[in-house]
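Supplied in structure tokens, the structure appears directly below.
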Amino acid sequence: MNNKYIDLDFAKLDIERQKRKGYSEAVYCECKKDRELIEIFKTFNVNNQNVIGTRASKEQYNILKKEFPKIKYNEQARILTLISKEVEKVGNIAICTGGTGDIPVAQEASETAEFYGSNVTKYFDIGIAGIHRLFDKIDEIAKANVIIVAAGMEGALAGIITGLVDIPVIAVPTSIGYGASFKGLSALLTMLNSCAEGMTVVNIDNGFSAGYSANQINRKIEGK
Amino acid sequence: MNNKYIDLDFAKLDIERQKRKGYSEAVYCECKKDRELIEIFKTFNVNNQNVIGTRASKEQYNILKKEFPKIKYNEQARILTLISKEVEKVGNIAICTGGTGDIPVAQEASETAEFYGSNVTKYFDIGIAGIHRLFDKIDEIAKANVIIVAAGMEGALAGIITGLVDIPVIAVPTSIGYGASFKGLSALLTMLNSCAEGMTVVNIDNGFSAGYSANQINRKIEGK
Amino acid sequence: MNNKYIDLDFAKLDIERQKRKGYSEAVYCECKKDRELIEIFKTFNVNNQNVIGTRASKEQYNILKKEFPKIKYNEQARILTLISKEVEKVGNIAICTGGTGDIPVAQEASETAEFYGSNVTKYFDIGIAGIHRLFDKIDEIAKANVIIVAAGMEGALAGIITGLVDIPVIAVPTSIGYGASFKGLSALLTMLNSCAEGMTVVNIDNGFSAGYSANQINRKIEGK
Amino acid sequence: MNNKYIDLDFAKLDIERQKRKGYSEAVYCECKKDRELIEIFKTFNVNNQNVIGTRASKEQYNILKKEFPKIKYNEQARILTLISKEVEKVGNIAICTGGTGDIPVAQEASETAEFYGSNVTKYFDIGIAGIHRLFDKIDEIAKANVIIVAAGMEGALAGIITGLVDIPVIAVPTSIGYGASFKGLSALLTMLNSCAEGMTVVNIDNGFSAGYSANQINRKIEGK
Amino acid sequence: MNNKYIDLDFAKLDIERQKRKGYSEAVYCECKKDRELIEIFKTFNVNNQNVIGTRASKEQYNILKKEFPKIKYNEQARILTLISKEVEKVGNIAICTGGTGDIPVAQEASETAEFYGSNVTKYFDIGIAGIHRLFDKIDEIAKANVIIVAAGMEGALAGIITGLVDIPVIAVPTSIGYGASFKGLSALLTMLNSCAEGMTVVNIDNGFSAGYSANQINRKIEGK
Amino acid sequence: MNNKYIDLDFAKLDIERQKRKGYSEAVYCECKKDRELIEIFKTFNVNNQNVIGTRASKEQYNILKKEFPKIKYNEQARILTLISKEVEKVGNIAICTGGTGDIPVAQEASETAEFYGSNVTKYFDIGIAGIHRLFDKIDEIAKANVIIVAAGMEGALAGIITGLVDIPVIAVPTSIGYGASFKGLSALLTMLNSCAEGMTVVNIDNGFSAGYSANQINRKIEGK
Amino acid sequence: MNNKYIDLDFAKLDIERQKRKGYSEAVYCECKKDRELIEIFKTFNVNNQNVIGTRASKEQYNILKKEFPKIKYNEQARILTLISKEVEKVGNIAICTGGTGDIPVAQEASETAEFYGSNVTKYFDIGIAGIHRLFDKIDEIAKANVIIVAAGMEGALAGIITGLVDIPVIAVPTSIGYGASFKGLSALLTMLNSCAEGMTVVNIDNGFSAGYSANQINRKIEGK
Amino acid sequence: MNNKYIDLDFAKLDIERQKRKGYSEAVYCECKKDRELIEIFKTFNVNNQNVIGTRASKEQYNILKKEFPKIKYNEQARILTLISKEVEKVGNIAICTGGTGDIPVAQEASETAEFYGSNVTKYFDIGIAGIHRLFDKIDEIAKANVIIVAAGMEGALAGIITGLVDIPVIAVPTSIGYGASFKGLSALLTMLNSCAEGMTVVNIDNGFSAGYSANQINRKIEGK
């Protein structure tokens, strides 16, 4: 329990997490002030840690870019990455979406998994309204080490894929939908109640968490 | 607006519904006292109306049987029927379930649809955990005039079938499940939020309503 | 299961749905980028398919109009239609609303039903606060093949109409209301729990789904 | 603020409420022990107050009857009354139910209203599935000073009656129903969201409260 | 059932409600287009009916004022009134609020009650955090025919007043609050569950409904 | 972090909590098997620790009594206590209830507070339906160091007391009520949303937690 | 009950609360108009009372500053303070947050506690994702008289701290989070259900209430 | 898609799942009739498949034992296993519980993981109320390939463990708790909202699903 951290008063940076947990800490950007973000990125950067920022706005990116010209931003995923030392990508994670509206969440998962060291293959818009689109791809999908399924509205895609493969599936409900979708609650409940065996679930729209866990499993399977 | 009814004080029997709506009134048995049930069945019977009782217990059946030896009871469906004049069965309704736990609701739908004049074909336990069971039957199912799908837990079966056929699907969420299924709420939300086109939904466990509406559509299609 | 689709990477277009399901795929416009929408409409159009876009903004219409001068837009319904080959309209669907606030949802249902091949008659603002307005129209309404009822707040109109007719009723709860209407939840529950026989329900504000299902039933009844 | 009460330690009896509020305190029996109930009834009785006990079981009645031979019990309403001095009944309250399942709640309202001094007329099973039963009675109902409507499932009856009369309506949602009725929540929301003008609502199954308020209004109208 | 109405196509005006229900129809302005509002007000006005518009914006007022120079607007209450023939005000309704945030809802109730013919007295900011403010006024409040209590957050004021008086209380939960107040749900549940006898409840923020019902009771008590 | 515990495999007893937190660990009896309970009580007893068991049934008491003749049981509170060395009681905690139904929860709080070393005074049935009962006692209640208020249904009592005193109030919502009380949710929300200053809240029916926290505050104030 | 207050018509100022409850009344600024706020602050100020305003916007501060040049504003806490006579600060309250997003709520608690007379020490960003940050500080935190823990998302920090100390903990759930955090509901439920002994809870984001109660307990412990 | 199944009419047995998904189908026993269960077990057994039955009652075990003397039953886990050919156990899964009440769910996970081929180590009653019990075991726990954490009430244990290790954690909320735990909802939300990285979640009380997914990951890591 003698891990170190750097105390910035408003934040305490877990600077040894990369050593302790194998992966550096992610920075949740949404509630942070500009000067806070700059200070946090600077501290990690100075300590030669790769930094990943989630839920970052384009404004935040523009401000950070002035300080860190090498920083990258995926606007759809709202992910910032500042790489000191590239992590080798291994294995393979298949990332699927039900519709086009689920793509931003899938991209967040994708950016996260790649940042932490996984190869990613994407299969978008293969939802159940035209299930032949899924069956056309399922053999390819089934070759991954882990599958991520992002789906909103009824969220049934995750269960169907799980029923067809023998690898771990991580389901991400998205807030896409209207009416009784209750901002993702419907898809969340669908996924939690699936009778298909081999699926676990993360929070609504939490592409980061899906990407993180999938990467962790993928790398363990690859012996990393 | 000058329809007649018979006033039993505790109940007002819609004795002309068969004429007005084409179908006789159903008797919801759950909250009724024994003597009330007897009086209601007697009144309809005397007026030469077919009677259907829903949510009936075996005890209620035993009591009514003494008065009406011709009464029939489907224990799984909890449906009582007392037929004065058989209605000709026409067309075809396919009734599907996700699992074996959904069968009682499917049977309620089936008994109802048959009582009101439809042929029924049943496809049980074809849920998404082993989707090849569905694909084996889908061509046959697609030949019906209307499809009823009863499913609990995640309730995804209804959407998948709807995506594969070009006929009306009526989805019945069932209360089968546990944990975050919240007694059918999960399946209900899944069905309401389905992006598959051509599905409508009835209340949780309401096999009667599904059977009634499916029969109505089936008979209209058959020109009745 | 060997249906074809066109893979645009961000979307997989179900180009044979018209053949498979009898009706072409609808495009949910809300989350789509402009260039995505253009590409999707172009692909369907090139393949001689009628296209219907739902939840489309006026901005999207203006952009698409430059590419497809023949495209039509119903602003209240937020529906885009681009017709290659007119579908003959048959039968009749009655579309009713409780109040004036429910009209946009009713228009979405109406546009959808007409696009897919049904005649439509509209009865607006006949809610229960002044029920004589309904009774004045009910005989006319009852002559349709199918009835759609869009109602918010308490949503009681659907049950009352269902109790008076012998044809299928599709109820659409709308999000009109305030306080404990919880954005349509109140009307949704009212409709699901109706004891009137012959009603099925679709998602809150989902005029498209109501129009699609009503059209499907209407055309089957007409032998199409 | 110098009202008196009698302190039984486990309960503090509001012995001057009859003077202060015009009506004696009601005893909620459900959680009370037998000896507590006896002591409470005795104390009120000794002080020449009429006593009304709500949610009383038949067992509680049998025990109290030994002590107070004049006590009366309405089993359906689960109401106990022990009268020292009869209150003159005035005016008229119409009590309506949607179905037979709602009758116990209506009886609780009826017993309460009569206990506190109102005449009551009852109209049971006039729900919307056969709305002609309501129209047959509406002119008679409209002659009351106040109307109570007890209805479960969709609970739409209250709004329809309110739209037809110009007198105050008190709506009582009942827990009758299943599935998405959520033990009366559906009917409660229906009633709260009614756009019919002139309706107020009490808690689910709270026939006592409806009867109490209706009596209060009825007696004020009669100048009591 | 042969009441008349005027059909504007998008709306059916209940032009004889004043005769049938004693009070003219209210116009819910929130979802109406400008030209619709003008047409509705014109129709009622031409027929010599007083008109009341609820949930009206200042913009709507400015537009209507050009057509109807005599129209009045209470901005806090968001109520429009256009009077053809003044109704005599009778009796008295006491309108109380817990805090200052509840005043707009109280004003809506007040404007409504006055429009339909009641005198009103107001008692603002007498909530339970400083209960002596209530006790200072309670004797005065208790002299009204009816009491309206508008309160948000915990909503306890309604129950306390009800426990102190012997006249009907109508409780209006308001959406004032934050966190677990869930936009008025907390206050609504408090009021529905009150054990104080003599209170009924209307929808969250529905000052109109409270004012309408209170006026109805007040006028009946006054023999109107 | 070098605290000791005793590992019984199915449970790990925090045997040094009395030293670390000042108070011994409580045993939640509800899910425990008889042999587990005996082993747990024996282990604490052998180590000379006072033991308190919560949510204990009478059956559990009877079994434990054979092993530990000195064990005590408060049936209403469902609390077991086995004292090795009496803790001196200091200060004073006032425990109030709205109605008689809330008494079991109040007794659980009382037993807990006494076990851990506080004097307790009880004020039962002083709820808001007859608020003069509260005012009669408030000066006495206000002399305590801490107040616990247990109330169900609307739960308003806690806020009213808090508004009248200048000492900490701990509110315990109880599950007493019916209909829209939703098993204590209504009272919980009322208490969380109270605008009276100086109140904090514990879980529904959690008399133990209220008693524990009140004792902790009471003893700190007394300098223990 | 003969406390005085000043009646501003729209508000009734509890001018003797400082005498009665020991602390002056707080002004909830969110719904107040500018002229109302000025009048309220003026009245308290003229009566030599310290004033604290919560949920105040920067605009409100700017307007009040013109009238009261000595007024202070903490923008993060949204707290206004206007001090006539400084209260001596005593004891110590430790205020902890899980993340940086919870800081505004912690600052509201801090400003409140200091205003009413407590010393405060702050420990920000010590949440459970890197628990060594907490353990580094826990001995220091445990020396306070009371601990406030503000945490969103899962809100687990409050329970962990409570398990480690023997002083009262007040938990404030914050609305920080997304998806199934449901605007603080998740953290609220976590805190209410904590099995750690010695924690009580306030409303979501209610830093004021936490600061008020903590100050009250802290000062009582210090003998004030 | 040409997988085989055996059609028992009431159930369609996915007899080739072992080949397709690597693991045989599980039998959900809760809603099954005795004769159905026997037939299902017989069919799998005759086909030399290992069978696992979940949510099985002791009565069901006793009946099946007569047919299959080799069948085993874990009463706490409610799991039946009938082994034709032992699967070699590999790797290691750590299964932790917060309290003793969570043990049945943990046992269900354990039985499942062992059935499908994983070694399991158990750590019970290490919840956060005495966190030193966890720290004593964490180094050992961290050596597993996967961790399962079953916890009810606040469910915080899962997040804390996740923050301390660099291996995948599967969290199972349990329905242990009362009041605002809402039968596991509180723990479910806690787990979904955890900011600790590397956790995924399954349905409330779904030990089977946790065990299945953990086994799948564990075996993949071991190269099976």
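Letters A, B, C, D, E, F, G and H mark the chains as written, and numbering starts fresh at 1 in each.
Keep in mind that, in the parts below, contacts are C-beta pairs under 8 Å (C-beta built on N, C-alpha and C of every residue); 3 or more make two chains touch, one makes a residue touch a chain.
Small disclaimer: the values here were computed from a predicted structure and weren't measured.
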item: Longest centre-to-centre distance from subunit F, chain (CA-based); value: C
item: Selected pair, out of A-B, C-E or D-E, that shares over half of its residue contact pairs with G-H; value: A-B
item: For subunit A paired with subunit C, centre-to-centre distance based on mean C-alpha positions, whole Å; value: 36
item: Length of the line joining the C-alpha centres of subunit A and subunit D, rounded to whole Å; value: 57
item: Intercentroid distance (Cα basis), subunit F paired with subunit E, Å; value: 44
item: Residues of subunit E touching at least two other chains; value: 1, 28, 99, 129-130, 135, 179-181, 185, 188, 192-193, 195, 197, 203-204
item: Each pair of chains that touches, named by its two labels; value: A-B, A-C, A-G, A-H, B-C, B-D, B-H, C-D, C-E, D-E, D-F, E-F, E-G, F-G, F-H, G-H
item: Contact footprint of subunit E on subunit C as seen in their complex; value: 99-101, 103, 124-126, 129-130, 132-133, 135-136, 176, 178-181
item: Subunit D residues within the subunit F interface of the complex; value: 1-3, 5, 9-12, 14, 17, 25, 28, 30-32, 36, 55, 173, 175, 184-185, 188, 203-206
item: Subunit C-facing residues of subunit B, complex; value: 1, 20-23, 26, 28, 135, 145, 165-168, 170, 188, 192-193, 195, 197-204, 209, 212-213, 216-217, 220-221
item: Subunit E residues touching subunit F - in the complex, by the definition given at the top; value: 98-99, 127-131, 153-156, 159-160, 163-164, 177, 179-182, 185-187, 189-197
